[in-house]
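Multiple structures follow.
In the two complexes below, chain A is the common chain; its partner is chain B in one and chain C in the other.
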Partner chain A sequence: MSGIDVDLAVNGLITGLFYALMAIGLSLIFGILKIVNFAHGEFYMVGAYAYTLIALALGVPVWIALPLAFVVGALLGWLTERTLMRPLYAGYTSWGLMRDEYAVIVTFGLSLFLINLVDKVIGPYAYRGPPLVETSRVVLGPVLISGHRLLAAGIAIAVIAITAALIKWSFWGQQIRAVSQNRLGASLAGIDTAKASVIVFMLSGGLAAFAGALLSPVINASPDVGIFPAIKSYIIVVLGGMGSVPGAIIASLFLGVIESFGAVYISFQYRDAFGLILLMLFLLFRPQGLFGEKGREV
Partner chain B sequence: MAPSSATSPAADRSGAQLSNTKTTVEFRAALVAMAIVALIPLGVSNPYWLGVLIVSMYFAILAGAWNLLAGYTGQFSLAPATFAMIGAYTTGLLNHYFGVAPLLGIVAAVVVSGLVGLLLGRAVLRLVGPYLALTTLSFAEIMRLVASNSIDITRGDLGLGVEGLMNSRVGWYYLFLGALVVLLILFYMLLRSKAGLFLQAIRDDEVAARRAGVNVVFWKTAAFAISAAASGFAGALYAHFAELVTPELGLIGQTGLIVSMTVIGGMGTLAGPLVAAFLVYVLSEWLRDVGGYQLVVFAALVIIFARFFREGLWGLARAAVKRRGRA
Partner chain C sequence: MAGLLRRDMLGVALAVAAIMLPVAGAQAADPIKVGVTITQSPPGSVVQGTQVKDGLEVAAKIINDAGGVDGRKIELVIEDTQGLPEKARAAVEKLITRDKVVAITGEHQSSAALAGIEVAHRYKIPYINTNGWSDAIREKGYPEVFNPGNYNSRVGSAAAATMKDLGVKRVVSIAENTDYGIGLAKAIGEALKKVAPDVQYKYETLDRASKDFLPAILPMRANAPDAIINLMLPPAAYIMMNQLYEQGVAPSAKTWLYDGSGLADYPDFWQNVKEAGKGMLVFGLYHPKMAQPALGKQVGEAYTAKTKNEPNRLLFQAADSLFLIADAVKRAKSTNSEALIKALGETKYTGTRGEITFSKDKGYAFNQWLDVPYVTFQLTEINQKVGDAALVSQPGQPLDKSKLWKPAK
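After this line comes the complex of A and B, so read on.
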């Protein structure tokens, strides 16, 4: 392995960490409601704007703006759950049997709404967030990396680890996993499934917004900046198995590395297509993904 | 899984009649709306507004085709704009490289997009809900990436210049209207026939439909192919109208517009999406001058309609008529 390969691998893994922040939330939402949130990229976009505007317009220190972006994303997730997702399980949807279609339309509509709202209210111009540290480049052996990216990667690892541990061992994490294995069974066992959904949406919105905030110095946030990260997280969630958190983390790192090498060795123009082709192949031939669990019935 | 309901043959028959009268009422309403649209050029000669109405008709065809697939068959594809793009590129490439006449190119576009639709429909046969939406979404993005990156062939985002068909705006207006009315009649005939009942039976309960003897594989694939062919037809017409084919035709935003029109008009109704296509597109051009909040408003409307008024504007109108009839 030559120096450039090490550099590609490390940078691919770091990209994968940011993908994981997005994909974990999406996967949890799928687990608990069996829907795909097509507005997930807009949580990311809102996070990038929240961090940038809080830090630049209000002059708040970046270390306070970063957690505030998480809070903004969590609030948005809460609002989405309360206003739009409730009918999916509370049984008063006017869509009757077409539950899946309701979910697609309403999240797709939310995505269009948020993109256009930000476009009109804040403007279509790209905003660059302030970096966490000013160091422009750090050299680690053959790897060249900006100080901000290195620090952001470290924070991402910590946040992912905390989230995974909470899902695995905390009281609410266990309840969430119970509901995603079997909603009816969990509610029969006395678990408050509505509360579990609210927690999942807040966590998911917060994590996506946090990813947007961490990357805002790099991505130049514009209203449609969330579209591609969202598509990446759909790919990841399918590869890792819908609903599986460890699967989402592993698939994120895998996709980051594949794209990093593919862009250099196969084709730069088509770097965004590799994942999509994988996605289609998986959906057609192995819809449960690499680590997906089959649902359990009562 | 949806609960299957046991219905007696008698109930089935009355259901069929009910569904047929419902479709017929919607068909008549749509024809009246199209007649009004046909009269507009008598009063409006501004080429800009005629162009806006022509684009509305392009979207009306796409919304109608998507509604057949999503609203009547329950297959929620996120690739309707992609099939329009495929149709546009079929005739565009044939014309640009081989000098094929536009009319022949349009026929080829219908065939090619129909075939692609057939293949995709066959491939996604067993996917439901979010899985189907994601697969068709990635198909759409791959196609758009191919179109915009095959710069040697398609000239990428610069777009491909193609031959026009005529210079008269009014001529184009009536050509699009004619195409729209022909498709409307074809869809009506399809929905009124047994096929229409099969499609709706599949949407309501696939397992029950299969047990009742409906060839689910055939009809689901057929709905995909027909919807794709109609979208490809619209795309090919539009290519010769605009005299330019770009990958932008297949943007997710275009699909968003098609979905919005169908949801606001009323999914699974014949007239709703057609009328809503005009309302949404004309209003959005008009609102552009006053603040430009049109897309925010439409996205909010999509959410509100999906959440509270599943049957869209058509459902609201029907409820209003019923209330007046009772009073």
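After this line comes the complex of A and C, so read on.
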């Protein structure tokens, strides 16, 4: 493997880690609510702005601004679930009765609202978030990477691991998995399904905002910064299997590496098309994704 | 009997006068509506749109405070195109057919301008292209379209001259995937072939909506060119510059970074690039040390008072666009589109940047102000104001290499 290949692999994996932070939340929302949140990219955008403005405008140290951005995203997630999502499924015990196309319309509307609100209130100018460390270049063998990006990757690994562990072993994680398997059954077993939905939305919003915050020194916060990461998240959720957290992680890393190598060896201009091509192939030959389950409804 | 008839006629005449006078007065006070198509929301450049809007509003205020044009105030009717051609087309159609504007101006993105001019041409309404640089806009040869702003061939020849003076052998342009970016990249290539045929040149096209350009930059680290020319707009341009710096590609001891997009005077430039901008050579359409007419200084001061920002070239281009329309209305003594187009074609007006006239040569020069002033300067400190940056060349003068700075590594 040549030096540039190592560079591409490392950068692809790092990019994949940030995709995973975004995609896990989306996958959880689909798993438990069976809806796609089309405002997910805007949670990422809000996190990027929250981190940048808290650190720059309020002078808060970056290591405090970072978790605060998570909190802002979680609060936005709570507000979204409580005011926009709850009316869609409240009173429905069967998913067959819920009008999930309303969720598409509502979340699209929320996306447009947030983009334009930020554009008008904060302004159209991009803001570069302060880096976690000032070291602009770190040399690791053939790989040259910024200190911030390296540290952000490490933090992303830790957060993903903690999230996966919480989902698998914690009390609420088990409740969430029960609700995602069978909402009616979980409800009959005494699980508060509404609370599970709130937790998932808050976790999803927090993770997306955290991803935006980690990347704000790299991607520079602007009103439309969340559009592309959101599209990648939708692709990853399908590739990994809708509702599968391990699937979302594996698919994210896979997509990051594919895009990295494809951009150099095939074409950079079609870099964002590789994910869409993979999506089409999976939908044709393995629609359940890597770790999803096949199902049939009559 | 005759007396009665005379009295009736007098009564009728008085009644008619009573009706006509207010109407005539209202017509004289009717504002002159000017349609403006700018980006006010993503995915287009909202930063540019905001600067153009500010420039037009400053100019409108200057005109209206001086009594308007023959007593008629200027009224801006603004439409958001989002930088999208289809929205630009719809915006121009609406402005012409529903708002009945006398002229269209403000457009700052070439793709949107190329769409808008088709509608203006169909309706034969004057279109003042504020900042669409693509030569293709001029090459259409539409008599309604006037171009007082910069054009790709101008940047192409300036960039090529700079590369020649720097003595570089390999040049790479990084262009955004738009009519402006690709057109300019090609224009630079053509110009280099003429002035420096030994220079190896190629260009890379990057998606302006992307947030990661590392896969495109990594191969350059292995085989760095002597100069990289930026042909991208914010925010993608800032991300690309940061990643070029992070990877040690440019600006560096080996590789010059030259900006052909006019980034340096954007209000958010330094906040977004920091050390990545230090050492950048800039094709500058505005520098405080440039000779500027009194109107330019007036507009600049009014802009700074309004926004608390330093003036920039988009402000002056926008202001000139509106001043030219007002001047044409005044000379034509009419807002009839045919009369306006004729008057615009005969323009000889000293705006904010110099005396503006429109060439009648075909191709990129058609209805273009050819002598758009520019300079080349270099940013040598982080957070440096444009006015403090070293002027390294002016039109007609070669690059002053003694003023150039390059990083140690």
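Everything that follows uses one rule, which is that the second predicted complex is superposed on the first by the 284 of 298 C-alpha atoms of A that agree within 3 Å, B and C clash if a C-alpha of one lies under 4 Å from a C-alpha of the other, contacts with A are read in each partner's own complex, and residues count from 1 in each chain.
Methods note: contacts are C-beta pairs under 8 Å (C-beta built on N, C-alpha and C of every residue); 3 or more make two chains touch, one makes a residue touch a chain.
What you are looking at is a predicted structure, and each value in this text was computed from that prediction instead of being measured.
Putting chain B and chain C on the same copy of chain A, do they fit or clash?
clash
Is A:227 touching the first partner chain B, the second partner chain C, both, or neither of them?
Touch partners of A:227: chain B and chain C.
Have a look at where A:61 lands relative to chain B and chain C in the superposition and call it first, second, both or neither.
In the superposed model, A:61 contacts neither chain B nor chain C.
After the superposition on A, what does A:269 contact: first (chain B), second (chain C), both or neither?
In the superposed model, A:269 contacts both chain B and chain C.
Using the superposition on chain A described above, determine whether A:116 touches chain B (first), chain C (second), both, or neither.
The answer is both, since A:116 touches chain B and chain C.
In the overlay, answer first, second, both or neither for which of chain B and chain C A:108 touches.
A:108: touches chain B, not chain C.
Which partner does A:154 contact after superposing on A: first (chain B), second (chain C), both, neither?
Touch status of A:154: no partner.
Determine, under the contact definition given at the top, whether A:238 touches first (chain B), second (chain C), both, or neither.
In the superposition, A:238 contacts chain B only.
List the residues of chain A that touch chain B in one complex and chain C in the other.
Touching chain B and chain C on chain A: residues 116, 119, 227, 269, 272.
Show me the residue ranges of chain A that touch chain B in the complex, using the header's touch definition.
Residues of chain A touching chain B: 30, 34-36, 38, 83-84, 87, 94-95, 97-106, 108-110, 112-113, 116-117, 119-120, 227, 231, 234-235, 238, 242, 269-270, 272-273, 276-277, 279-280, 283-284, 287.
Under the stated contact criterion, what part of chain C meets chain A in this complex?
40-43, 46-47, 49-50, 177, 204-207, 209-216, 218-219, 221-222, 234-235, 238-239, 242, 245-248, 266-268, 271-275
Spell out the residues on chain A that touch chain C in their complex, using ranges where they run on.
Touching chain C from chain A are residues 3-4, 7-8, 11, 15, 115-116, 119, 123-128, 136-137, 144-146, 149, 215, 218-220, 222-225, 227-229, 259-260, 263-264, 268-269, 271-272.
Inside the complex, what are the residues of chain B that reach chain A?
2, 70, 74, 76, 78, 123-124, 127-131, 133-135, 137-139, 141-142, 145-146, 149, 203-205, 252-253, 256, 259-260, 263, 267, 292-293, 295-296, 298-300, 302-303, 306-310
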